[in-house]
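Labels A, B, C, D, E and F are assigned to the chains in the order they are written; within every chain, residues are numbered from 1.
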Amino acid sequence: MLRLVIPKGSLENQTLALFEAADIRLVRGSERDYHGTVDDPRIDRFSLLRPQEIPRYVEEGFFDIGLTGMDWVEETGAKVEVIAELPYTKGYVGATVKIVLAVSENAGISSAAEIKAESRISTEYPNLTRGLFAELNIPVKIFLSYGATEAKVPEIVDAIVDVTEAGSTLRRNGMRIIHTILESPTLLIANEACLDDPEKRQAIEEIKILLMGAIDARGKVLVKLNVRQSDLAAVLGVLPSLKAPTVSKLAEESFYAVETVVAKADINVLIPTLKGKGAGDILELPITKIVD
Amino acid sequence: MLRLVIPKGSLENQTLALFEAADIRLVRGSERDYHGTVDDPRIDRFSLLRPQEIPRYVEEGFFDIGLTGMDWVEETGAKVEVIAELPYTKGYVGATVKIVLAVSENAGISSAAEIKAESRISTEYPNLTRGLFAELNIPVKIFLSYGATEAKVPEIVDAIVDVTEAGSTLRRNGMRIIHTILESPTLLIANEACLDDPEKRQAIEEIKILLMGAIDARGKVLVKLNVRQSDLAAVLGVLPSLKAPTVSKLAEESFYAVETVVAKADINVLIPTLKGKGAGDILELPITKIVD
Amino acid sequence: MLRLVIPKGSLENQTLALFEAADIRLVRGSERDYHGTVDDPRIDRFSLLRPQEIPRYVEEGFFDIGLTGMDWVEETGAKVEVIAELPYTKGYVGATVKIVLAVSENAGISSAAEIKAESRISTEYPNLTRGLFAELNIPVKIFLSYGATEAKVPEIVDAIVDVTEAGSTLRRNGMRIIHTILESPTLLIANEACLDDPEKRQAIEEIKILLMGAIDARGKVLVKLNVRQSDLAAVLGVLPSLKAPTVSKLAEESFYAVETVVAKADINVLIPTLKGKGAGDILELPITKIVD
Amino acid sequence: MLRLVIPKGSLENQTLALFEAADIRLVRGSERDYHGTVDDPRIDRFSLLRPQEIPRYVEEGFFDIGLTGMDWVEETGAKVEVIAELPYTKGYVGATVKIVLAVSENAGISSAAEIKAESRISTEYPNLTRGLFAELNIPVKIFLSYGATEAKVPEIVDAIVDVTEAGSTLRRNGMRIIHTILESPTLLIANEACLDDPEKRQAIEEIKILLMGAIDARGKVLVKLNVRQSDLAAVLGVLPSLKAPTVSKLAEESFYAVETVVAKADINVLIPTLKGKGAGDILELPITKIVD
Amino acid sequence: MLRLVIPKGSLENQTLALFEAADIRLVRGSERDYHGTVDDPRIDRFSLLRPQEIPRYVEEGFFDIGLTGMDWVEETGAKVEVIAELPYTKGYVGATVKIVLAVSENAGISSAAEIKAESRISTEYPNLTRGLFAELNIPVKIFLSYGATEAKVPEIVDAIVDVTEAGSTLRRNGMRIIHTILESPTLLIANEACLDDPEKRQAIEEIKILLMGAIDARGKVLVKLNVRQSDLAAVLGVLPSLKAPTVSKLAEESFYAVETVVAKADINVLIPTLKGKGAGDILELPITKIVD
Amino acid sequence: MLRLVIPKGSLENQTLALFEAADIRLVRGSERDYHGTVDDPRIDRFSLLRPQEIPRYVEEGFFDIGLTGMDWVEETGAKVEVIAELPYTKGYVGATVKIVLAVSENAGISSAAEIKAESRISTEYPNLTRGLFAELNIPVKIFLSYGATEAKVPEIVDAIVDVTEAGSTLRRNGMRIIHTILESPTLLIANEACLDDPEKRQAIEEIKILLMGAIDARGKVLVKLNVRQSDLAAVLGVLPSLKAPTVSKLAEESFYAVETVVAKADINVLIPTLKGKGAGDILELPITKIVD
């Protein structure tokens, strides 16, 4: 039975929603509890802890598997196995955050190499920052930030290394991104030793299937339509090819029902096209999980 | 590429939900932003502005298309093309608001014609109000209201012209509706000149299909059931006739699967009836979009 | 036409959601109203009242049908007909609450029979409590509680009889449950006389079908998959047997589409298994109602 | 050392504010705790419990002193000693609530005696209600209410006995008050036996002085002014006579400083008058406590 | 007896606080009521209405006196008597708002005269705006704004005329103020005819004294100190001269007590100075009202 | 002109209230701004930053003075000058927090020396923790905590070093405090170099006086009373001796007015005593600042 740790804070709500969509039910006495049990034959119990602490806890084996950002795996340098990339952020499924170097938009600086020696850098990622400037061979003074990093330029420091999604918080604070250190998706990580146990390895694989199935379904819908035999080929021709549509004959002579999964991002263009090719009774239905 | 404007305020949440259901993704930096981009090949950017201002902005061509209430199109007298009526209010999809004349329930007045000359009328719609009383040939004094119009009778004014959905706010304030000036659905409007451009006209038509498809789906569900061949005709006989159901033969000898779209408003009566006619395994599934 | 009463307070949100899922639309002027109309040919109007008061109101015929907890039917001793058990609580569909006897975990008491004579008991259920101790033949002093019963041990009373779902509030207050008096599901109850009217009896039966259909759907999903003919038997073999799956031939030679309803609780184990047996294109869809 | 109980719910905030103003500091671990200690040599600990339960708890000696409404002392018939009336409600210091009999304003009933036999009465005060109708010699059916009593007329019951402050909730629900059963101030009550202990009696007396001093100060302010000797008599003449003002000679020849405590309710009229009589440098200062 | 109207919206909370500090008690049934009574012999009742509507209502005599911003008196051109300027805004007592002309900080425009002909101006103040540009002799197109005016530049309009306090909202939206049309304090206004009634005029004068006394007290404190006779002159020498301090001899030989009212803005510098001059036992006390 | 930094987070509200009470007005554009100006001739501008970062920023001279907890000065080892201890926490003025070592109450450990070698310790204070165990000569594994440290015992770590005020959060999580590492008041700190500038040193001294004056006033009140000459000595005899009361003769023959500052903590006992000794007209008034 596995012990699971998931991230408290900005990723918390999306992570809890993801497990619910994956039908792995996490049970807590109340919303203030940091630990709970799991209604699943493969997972025994879970904890909800800060993402910064999770890589080392999984490395040390306090937990078998965990979810956290790739940024904290890199920053801590913890030795863990990456099982899967789960592309979601606090805001969207299908997105990742980035760790970037940013300066005041009035600083007249447009690349990392232009940062002056002895510049002051505020960051929650001192190791990633040290790594960047070691590579650039620019000596800088790094100040550990405990929050609101973007508010420290230019009053207190010259640049920051910070996490951002679309960059709008940085822009609103008058900053310009001049370098991306890391694209950082959420990761499903595992303790290395625990993967040597075949039963645990199998369990982790199954959990990955369920989580990926739930993530995958978030950006997709099921499209159903009916079409006359004579138009069938034309309609099938415009359907996205990522997956063979399911075609079945209707009781009504020479009519076919077609079902296929389509990315939400394509739907707004696809539906008018389908209609133009002769499809009728077009329905769009929500999906909870997709496993190919 | 079209520029879109949508209404801030009471219609805001339902409008944003409608575009999401239509798979036309509006992207803002934060919830405090009034402008954003659109993840759609036909629309470039959107703004979120007060519904009162939208008709004139579309008329002047600051935007190509917009959503706003019919009340503000009429009140401003702006020359715009009405593309579609979208029946939703802040509370419900499938409803419209009304612009009404109301008086105190103790005023002893039951029709617009009984309003006394020189009465004081408070309203956010001075032009509609002027039009009504010009027609009735009753001279009145109109006071522009900036909100809470219903709280001004009888202390300050004698009657009001105000917007209402089910009338319950008016009733709770001791008022009686004595005349309906306008049934006011939400409208999709377009700048007149922009419709001369065939590409823009086509784009607007496609957006209309997606929005109508999403609205239409709100009040409907997909019903699936299995039925023995001998009961098929009876079951089909009670299904609402607005749309031919999809019938397919099952692998199991002499069984059929039937799927059809039904209005939610009919479901509570239909399901017991279907069961009585021999339908089994009845399932109701939510739909996101319907395009016939 | 029936008059309906539903419980205000902890069960309120789930009850309103249940009626919406059952497509029986309850209409109120505002969220502060205690009475409203019902958009249904069988129900005329509804009221929203405290669950403690509902059994007697239904018994007296002020309402024809009502929803309330079994605890209050038992406590009040009201003579009403139980139409259906609806297993939901404020927190979960598929759960029931319990009325329990609890003491301080430091009291050294582990069964009801060990309660000392003249002990002080705080409870919102004086009749159930009296009944329990009469049976045990232990004289106790009962104090009517108006809330926060769990906070009164050990400072003020020696034991409590209180409602609990998972018991975590009691545990957090340092209490141990030593006896369960009653498992208490939510009940659909009816006035006895009203069942003599065949039309009303029929209407109540139909409402029961819709409510049960909505409850039943909450814990289930629709699973769709495609499978090669050669794997069909193996795939069908692992599907839960509670219901025959719907199998149809696809247009593509030797492929079958399979649809079946599965309990959410089984899905996390089932999907990896199905995949192993050769199922492809597995989709999970949400269901709103199930009527067999 | 005394044990104190104070009312949870509508009176809670004002009661906590009153003890703070009286400089008797109640200490809880968190706002969710029902019990705490008291930073006072006379009071050991306190509990926060529903006002309905307090009279019996004080009667039984679980607590030495308590605050609760007179309504619950009367309703429960508990034998306790009333130490002081503390005129405050959830809304105002200087006010009391009333227990009233109310009917629909359309019922055509204007006194308690007109209530028809067998009328249905909903109330949280069954004993007070029984007492009233026994006196009137009218047999009625009493239904115990668990909240929102005012929403039950006329749909469910014919009349209610309920608590009200200014009557505006009743009026907004279309009801008319036809009889006042009880003016109900908040009371400081004590266990009878505990008053036999002279030390406890003395402690209770001192606590009464502090609470009354804090209540008394709420509606009063300190007015300071300077006045020429020749105007002194005229200024003193218009000061409210409830208390002799403090007059002192200033260093400046023939000027006096006057200080006096004035009810806030009089201040709006008094200040223009004082100014007219020659007072200058008029200052109004807040007071925390008054003990004569 | 006067009828009073006060502004709903941004000025509401400070206005209600001002009347409370002035000991003129406004009584409403609930916070949702727009009308109420006044516990004062000079004022009968009050209404809470939008500040834009207040000038015309006072002009027409629906109310005798009212509070509103000078901006709306100017914009509406209503003929009313200004009784007093009350310097407070939604944020601070002692401040006023301004009506300004603002453009994008990237527009390269730094004065009103540089605005180009045919520019588009969005504003809630069409009359003030028309007046400004008529004076400047620049023809512009004015669009009536219904809110969030600052969000319309540069996307929709070229400039705005808007209300601002410290200008920070405009700056955060990338705008530059290029002209101030009006400094706009809150005003106490009266109906002109009503001032002809000597009793009403006297009542209005008294209300002005109370409101001004409460406003005046907000920015001031009472400073008390003791000082040896030999240091008295030095201490008095540094006290602000706006008002003669109150000096009295103490019982202790050769010591004096000094009391004086000081602006809060001076206190941070004054106290260290007083201490340096020999003052001891310096106390600062809050004041509720000052009438000289 | 000084640059000031104050702590964001748990101390924020009390710190802002303290500066307001000290009449040093901090001005921000909005509550979301991290930087602002100061309405004071000695301080130019201020920033609001996390308390953990403040010691190093003051050490480096980015700011001249700052407020932060002693815990962070010790943890960071920053070289700064401590100007004053300001005894307040997020909850109370007059209190300090403590940095403590705590274990599970079931661990059977009651002193720091009993901690086993290789124990896992979670803490936000790795340096303080390292220091403690180096002194004890016990090798432990320290894990940096990013929050909710108290929730990690016993599931993840064996002990924690954490901040606590009254210890109730730790107790509610089943922990026992076994060692106090540091009593940690809030500190006013200054950059060492900046104190060499006499003007800045003087400014800092004055700011200290104002802050201490405001803190001091929080726990005290002004008591005023009148007393007959014959009772004067007795009344003065029971007044707390920390400060000589101000006594002045009243105009009324043989009466004296007495004013004195008393700690709130003593008031509940003092007032009944004063009354017993013959004092009358006792008033308690709030104070904003005390400077001796």
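As a working rule, a contact is a pair of C-beta atoms (placed from the backbone, for glycine too) under 8 Å apart; a residue touches a chain by one contact, two chains touch by 3 or more.
Small disclaimer: the values here were computed from a predicted structure and weren't measured.
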Tell me, which chains sit next to both chain E and chain F? D
Over half of the interface residue numbers used by both chain D and chain F, so same, or under half, so different? different
If I average the CA coordinates per chain, which chain comes out farthest from chain C? E
Need the CA-centroid distance for the pair chain A / chain B, whole Å please. 36
Note the residues in chain A that touch 2 or more other chains, in rising order. 248-249, 285-286
Pairwise, which chains touch? A-B, A-C, A-F, B-C, B-E, C-D, D-E, D-F, E-F
Note which residues of chain E are touching chain D in the complex, please. 22-25, 29-30, 39-41, 205-206, 209-210, 213, 217, 222, 243-244, 246-249, 256, 261, 285-292
Residues of chain B touching chain E in the complex: 8, 34-35, 47, 49-50, 52-53, 56-57, 62, 143-148, 151-152, 155-156
For chain F, which residues count as touching chain D in their complex? 166, 168, 171-172, 221, 224, 226, 248-252, 257, 264-265, 267-269, 271-272, 275, 280-286
